[in-house]
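Look at the two complexes coming up: chain A is in both, with chain B in one and chain C in the other.
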Partner chain A sequence: MNNINGLNTQSNQSNLLRDALYRRFGTEFKSSHIDRGAIEWRSTLFYPWKDNLKDEFESFFNELKIDFNFHMLVDISLEKKGHEKILHYGLINLENYFRLLVSVKINDGPFIPGLKHLWKSAEGLEKELEERHGLRVSNGSPSQQRSLLKKIKKEKSEKREGIRKLPEYQLPITPNQHDLQKKWYQAGPISQPLKGRARLDFLADTEKVYDCQIETGFCHRGFEKMMLNKPISEVSFFMERLCTRDSVFAPLIWNEALEQRLQVSVTEKAQAIRMVWMEMARIEGHLSYLQELTGELGFLIESSALTELIEQVYHLYNLHSGKNQNFSIFTVGGMKKDLPMGWATECLEVVKYIYKELESIQSKVIRNKSWMILTAANPMSATSALEFGLTGPNLRACGVNYDLRKRRPRYYYSDVDFQVPLGIDGTTYDRFLVRVEEIKQSIKIINQVLDHLPAGKVNDPDIDMEELFKKASDTEPLTYNMIESTEGELGILMRTKGKGLSHFHIRSPSYVHLHCFSNLVKGDSVANALSAFLSLGIDAWEMDR
Partner chain B sequence: MSKSSKKSNSSSMEKNEDLSQLEGIAQVANGRSLFSKIKSWSRSQLLAPFTVGAGCCAREIMRLEGPNPQSHFIRERFNHERVEYCDILIVSGVINEKLSPYILRVYEKMMEPKYCVAVGTCSATGAIFDTMAIDELIPVDVYIPGCPPSMDALVGGIEILRSKVAKGESRAELLKLQANQPPEEASL
Partner chain C sequence: MILDREIYFPFPFHKRVYLFIKKFFYILVRFLGRPTWGRPKAGVKLNIEKQDLVLLVDEEGKLRCKTCRSCVEICPTQCLELSSRAEKETPQSFNFKPLDCMYCSLCEEVCPESAIAMISSSNTSGSYDQTWIRDLNYLGFREELNEGKGLSLEELKELRK
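Now for the complex of A and B:
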C-alpha cells in the first residue's frame, strides 16, 4: 500500500536512536510498535504523578530534548480512560526523522508541570488543555474565558426570540498605569481580517506593538468530544466539516486512519486519484490564501483574478463529485466514484490555465515596490520556527526543508518528480512566494499522475466493515496518522473501541501556528500585524475544532 | 418680485397640503404612508449587508461577488468594514457561547430598521454540531437552508429579503411593536 523506498537510508540511523533510547530508559519504554513500515516508534511510559516527582518529570523531557535532539513538540492530547487521565506528548527528531509518542499517566494532582521553558509550542498546547479540559498547568498563561459549550435548555413555553443579556468582555488593565501612551487595543473576533478566528489584544502605542494576547474558541464546537458518542460510520461526515479551507484532507486522513487500523489496502487507481485530489485541494487552499492576502493589502485586481481561478478548481470538483465542498467522495479502500469520461483532459486544461494566469498575477505582484514594502515585515528565524512547532509552508518559508510528502511518501509521491520550495527570512513576502511556488509544483504533480493513470477499479466492493471490526476488536492500540495538508501537518490520534471511538484527537496546524503570532508582531506596527496574521494562513474551524 | 415670491410660497403651501392629503389617501392596510413605502423600496434596491461567522457557508457567500452566472442577480458587496452603515446582518456558521456577545454588540451598532438572515443550518438551528441557534439571540427574517446552501438558494434568499425590505416587514420592528402594545383585555 505504501511506498517506503525513500526511507531505507534513514532507518539505520533511527535504529541507532531507538537502541540508545532503550539503553537509557530501559523498561519504561515498553514496546516498539512499528507502524506503516515507517520509522515511527511508539513508546508507553506510565508515570505516576506526585508533587515531589516534578523535577524528575522535567529532567526527563530535558534529556529528550538535549541529548536525543527532539527539537519539536508537535502535539499534546489528553486521553480519559475511566478515572485515569493520560497525556500524550508527540515529539519529532528532525535529523533522522524519528517520532516519539510519550504517554504520561497523571493522577489528581493540583496541577501538571508545564514544558513552556523547553518548547515554546507547549504554551499554546497547554493553554488548550486548560481551556478545553480544565487542567491547571504550572507556569501556564490561562485564557481569559474558558470555551465550554453549556447546553441551554430550550423550553417550549419560553419565548425563543428576543435579545438576551450576556456577559461582556473587558480589556485587560495596562500593566503600568503611569505610562499613558501605551494602551490595550482590541481586534476581532468579528471584524474584517480576523473573521471569527481569534480576538487579538494589542498593547501598543502609535508606533509599536509591545505585547499581544490571543484568545481563541469562537468557533469551538466540541468536535473531538462529540465524535466519542458517534458510530464510526458517521465520523467521515463530520470530518468533511472540520476545516473550511478545503474538505479533502480531513476526511481523507480519517479514512486512511481506518485503513491503517483495519489493514485494508487501497487500489492502484484510487491511490492515483487521491493524489490528484490532494494536490487540487492544495491549489485551492493556497489560491484562497493568496486571494485573501492580496485583497487585504489592496491589490484588488489580482485578488478578483484569483477568485476566478478558485472557481475553476470548484468546476473540477463539481464534475467528479457533484459538489464544490463537503463532497463525500472518499471511502475505506478507495474512492466512491470513478472519474467521469474526459475528466482527466478537462483537469489538465484547467491546470494549464491556472498555471498561465498565476504566472501573470505573480509577475504583477512580487516585483511591485509597494508590495515589497508592505510584506517585508515580521521575519522569523528557522530556530524559532522549530521551537514554535510550525509545519507546512510557514516552516518552509523560514528555510527548513521539511515536507511529509518527501519525508514519508505514500501513494506515488516517491515516484513523482517535484521540488520543495524554500524561503529565506520567513517574512510575509516569503510565505506568499512559497505558496505560489507550491501551487506550481502541485500542478507538476497532477500532470505527471494523470499522464500515468493506472487502470482498474477505484474501490473494493467486497469490503465488509463489520467483519473487519470483529477481527480488529481484540486489541485497542493507539493509531496516529498524519498528512501534509495545505497548511502543515494535520494529524489524528485515535483509539477505537468496538464500533466507536474511545479517544479522538486532532492535531491541527492552524492552532499551533497561531501561537507564534505574538512573538512575530512584537516590535512592529499594528498595521503590519494584521497582514502578518493573514499570512499565517489560519483556518477558524480547523483551529477551534 | 414680491408677488411672485408670494405666489410661489402659496403654491408650495398648497402643494404641502395636497401631499398631506395624498398621504392620508395613500395609507394602506398595515398603516404605512406612501413616503415610508418609497423609503423602504429604495432601501431594498441596494442592501447593505454585514457578514458574521466563518465556515463553509461564509465561503459560499463570498462566491456571490465572484464570477458566477448566479452573481449577476446580486449587486451588493458583502465585505463591508463598518457596521454602522449596515442594516442587514448575515450570519453563517457555528455560534457558541463565546461568540454570541460579540454578535449582539454588532447587532446593536447596526442601523435601523434591522434585518437578519441566517445562512445554513448551523446558524439556523444548531444542526449537526448542536450549538446555539441565532434566533435565540436576535429575531431572524430569512432562513436559507443547506449545508452549505447552493448558490441558487442563496440568491433566492436574498431576493426574498429584498422583497421583505421593500415591504418594510422587519421582524425586529414587529416584535418591538408587540412589546409596546398594552396586553389585550379579555372580552367578557
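Now for the complex of A and C:
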C-alpha cells in the first residue's frame, strides 16, 4: 500500500491520548474499532442514550472538550438503521491531530441535548437535524421554518413562504431614532455575489446590521438522499455537480473513499496527476474568488484581468479531459485517461504566465490605501474561528496553522516543498492575502511534481469493478474521508450496503462558514456585509443536503 | 509561513507621491501625443464614414461589373448576392444587405474592374428600415447619382477629393 492513508504520520502523542481515552471510557471504547489499519486515525465510541441521562451526556462532551482538548466540532450526522437512530459527532484535537468519531444511539425521546454552549459550530449543525430530520434539540428554540422537510401542504394559504416566520422585532419602551428605522431586509435568492441560490434576511437600519437569519437549504436538491438510490458506479458523476466552484475535489474524495474501503492501490503516475489536478482546481477556485472580490469592491480592471487567467486553467482542463467542467476523469485506482503529448510543458508555461500576471495584478491591489480601507473589516480571533469550526484559508487567515496537506499528507505531499501562509487578524484583507499566497504555493507544487513525473500506467486495467463492488456488505463500518479543498475541509461519511449506499453524508465547508457569517456580521455596518460574505468564499450549491 | 510585515501597511507618503506623479505624467503624455479624446485623428478616414455601396457605370452608361464573384467570396459577412445569365456578363441581379455589412470595403479593394465603391451618404439609420435588401436598380441608378444616370469612375475620384 502507498502512503495514501497517512499511516506514516502517527505520532507518539496521539497514542498517549488514545490510551488516556481507554482508561477513562474503557468499556465503551471499543478496541476493535480503533486498530483497523487503513482507518486508524478514526475511532468510534458507542454511548447508549437514555431519557434520564441528559446531564451525563453533557458532562461527557464537556470532559472531551476540556480534559482531552477536542476544540473543534467538525460535523454531526444522523444515520437511520431500520428503527435505530445513531448520531455521529466528529471531533478534532488540533495539538496531536487526533480525530474522534463519537457515535450515540438515540431513542425516540422528546429531544436531544444540544451542544451549542460548548461549540458554537453546533448551532448550525443542529439546525440541520431540526429542519431535515424533525428532531428537537433542547437548547435551541424549536424551529419554525422546516425548509428541508418535505411536509408542505398543498393548500394555497399554507405555501412554503407562509411557513417561514421571522422573529418579530419589538420596539423598546423608549425608542430612539435608530430603533424606529429597523426593518427586515431580504437578500437573495438571486443576487450577483451569491453562487447558486440562498436566502438571507437582515435586520438593519440605514447603517448597522443587528441580526441575520439564514434559510438553510433554500435550494434543496436532496443531494444526500438522491445518492442512496444510486448504484455505486454512478455516484461519482453526481458528485461533480456538488458545487459551482470546481468539479475536482468532490469526485476525487468519493473515489478515494472507495479505494480506502475496498483497499485498492493507486498507481504512481496517477497519484502525481491527481496532485496536479488538485492544485489546478485550487488555483482556479482562488482566482475566481479574487475576481469576484475585486469586481464587487470596484477594482474592475484587475477583475477582468483575472478572468483571462481562469480561462487559461480551463484550457488545460480541456486538453486533458475534453471538457471545462464536469469531467468524468477520476476512477477507482487512478485516472481514466493518460496525459496527452506535450501537456506537461504547456501546463508549465501556463503556470508561469499565471504567476507573472498575478504579480502585476497584486502590485496594484496590495498596499493600496483604498483597498486596505475597504477590506479592514470583520476581524476574527483564532479562538472564535476554532469554535465556529472554520477550516481552510479562512482559518489560516486567523493565524491557526492547520492544513490537511501538511497534517495528513497523502500522495507526494510529504516529499514536496511548500509552505502554508498564515494571516494575523483574520480580517477580509488577511483572507485575501492568504489566498494570493496559496496560489503561488500551489504553482510551486505543480512545478515540482511535473519535473519528477513518474513513468508507468495511470490505472490498473486488471481491476474488475463489479467484483469489487460485490465485496461490499452491510457489516462493514463507516468510512470517513476528507480532503483539503479550496475553501476548507470537504468530507464524506458513508456506509455501503450491497450495490448501493445505506448512509451518505457530506461535510461541506460552505455550510459551516455561512453560519459563522451570520455571527460575524452582527453589529457591523451594512457596507461591510457584502465584503464579509464574499471574503468567506461561500458557495450556495455546496450547502445543499 | 507568516506573511511579510510590510504588506500590512500602506505605501509611505513619498512612495504615494511618486506613484501619483508617474501616473499623472503617463496620462498627460499619452493625451498630448494625440489629443483626440476618443475621436479619430485628423487626416485618418474611417470606413464608417463610407456608409453606402455604389455600383459604378462606364462611359456608355452600363454597369462595369462582369460578375467575377470575387467580392462575394471575400465578403466576411456574406451580405452580397450576385447572379447572371452567363459568365463575364453584366449581372442580372445584385442584392446588398446593409444590416449585415460592417463597411470593411474589402469588396472595393478586391474588385479587378473597380466596379464597386463605398461612398459617404447622408442617410440616417432609420432610412434602412424601408429597404432591408437593396437591389441592382437602387445601387446603380438611384436618383441621387446624376439623376438616375449612374456614377462613373472619374466622377467618383472628383467626389473623393
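Methods note: the second predicted complex is superposed on the first by the 470 of 545 C-alpha atoms of A that agree within 3 Å, B and C clash if a C-alpha of one lies under 4 Å from a C-alpha of the other, contacts with A are read in each partner's own complex, and residues count from 1 in each chain.
Everything that follows uses one rule, which is that a contact is a pair of C-beta atoms (placed from the backbone, for glycine too) under 8 Å apart; a residue touches a chain by one contact, two chains touch by 3 or more.
Not measured: the values here are computed from a predicted model.
When the two structures are aligned on the shared chain, A:Glu84 is found in touch with neither chain B nor chain C.
In the superposed pair of complexes, A:Asp415 makes contact with neither chain B nor chain C.
Using the contact criterion defined above for the overlaid structures, shared-chain residue A:Glu349 touches neither chain B nor chain C, since it reaches no partner.
Contact with chain C, but none with chain B, is seen for A:Glu437 once the two complexes are overlaid on the shared chain. In the superposed model, A:Arg241 lies in contact with chain B only, and not with chain C. In the superposed model, B is the one of chain B and chain C that contacts more residues of chain A. Contacts of A:Arg197 after superposition: chain B is touched, whereas chain C is not reached. Applying the stated contact rule after C-alpha superposition, one finds that A:Ile366 touches chain C and leaves chain B untouched.
Contact residues of chain A toward chain C in the complex are 366-369, 372, 419-424, 429, 433-434, 437. Residues 52-56, 58-60, 63, 65-68, 79, 81, 93-94, 96-107, 128-132, 135-139, 147-148, 171, 175 of chain B touch chain A in their complex. By the touch criterion given at the top, residues 1-3, 6-11, 16 of chain C touch chain A in their complex.
Every residue of chain A that touches chain B in the complex is listed here, in rising order: 145, 147-150, 152, 154, 160-164, 166-169, 189-192, 195-197, 217-223, 226, 237-238, 241, 244, 247, 288, 304, 307-308, 310-311, 325-326, 540-541.
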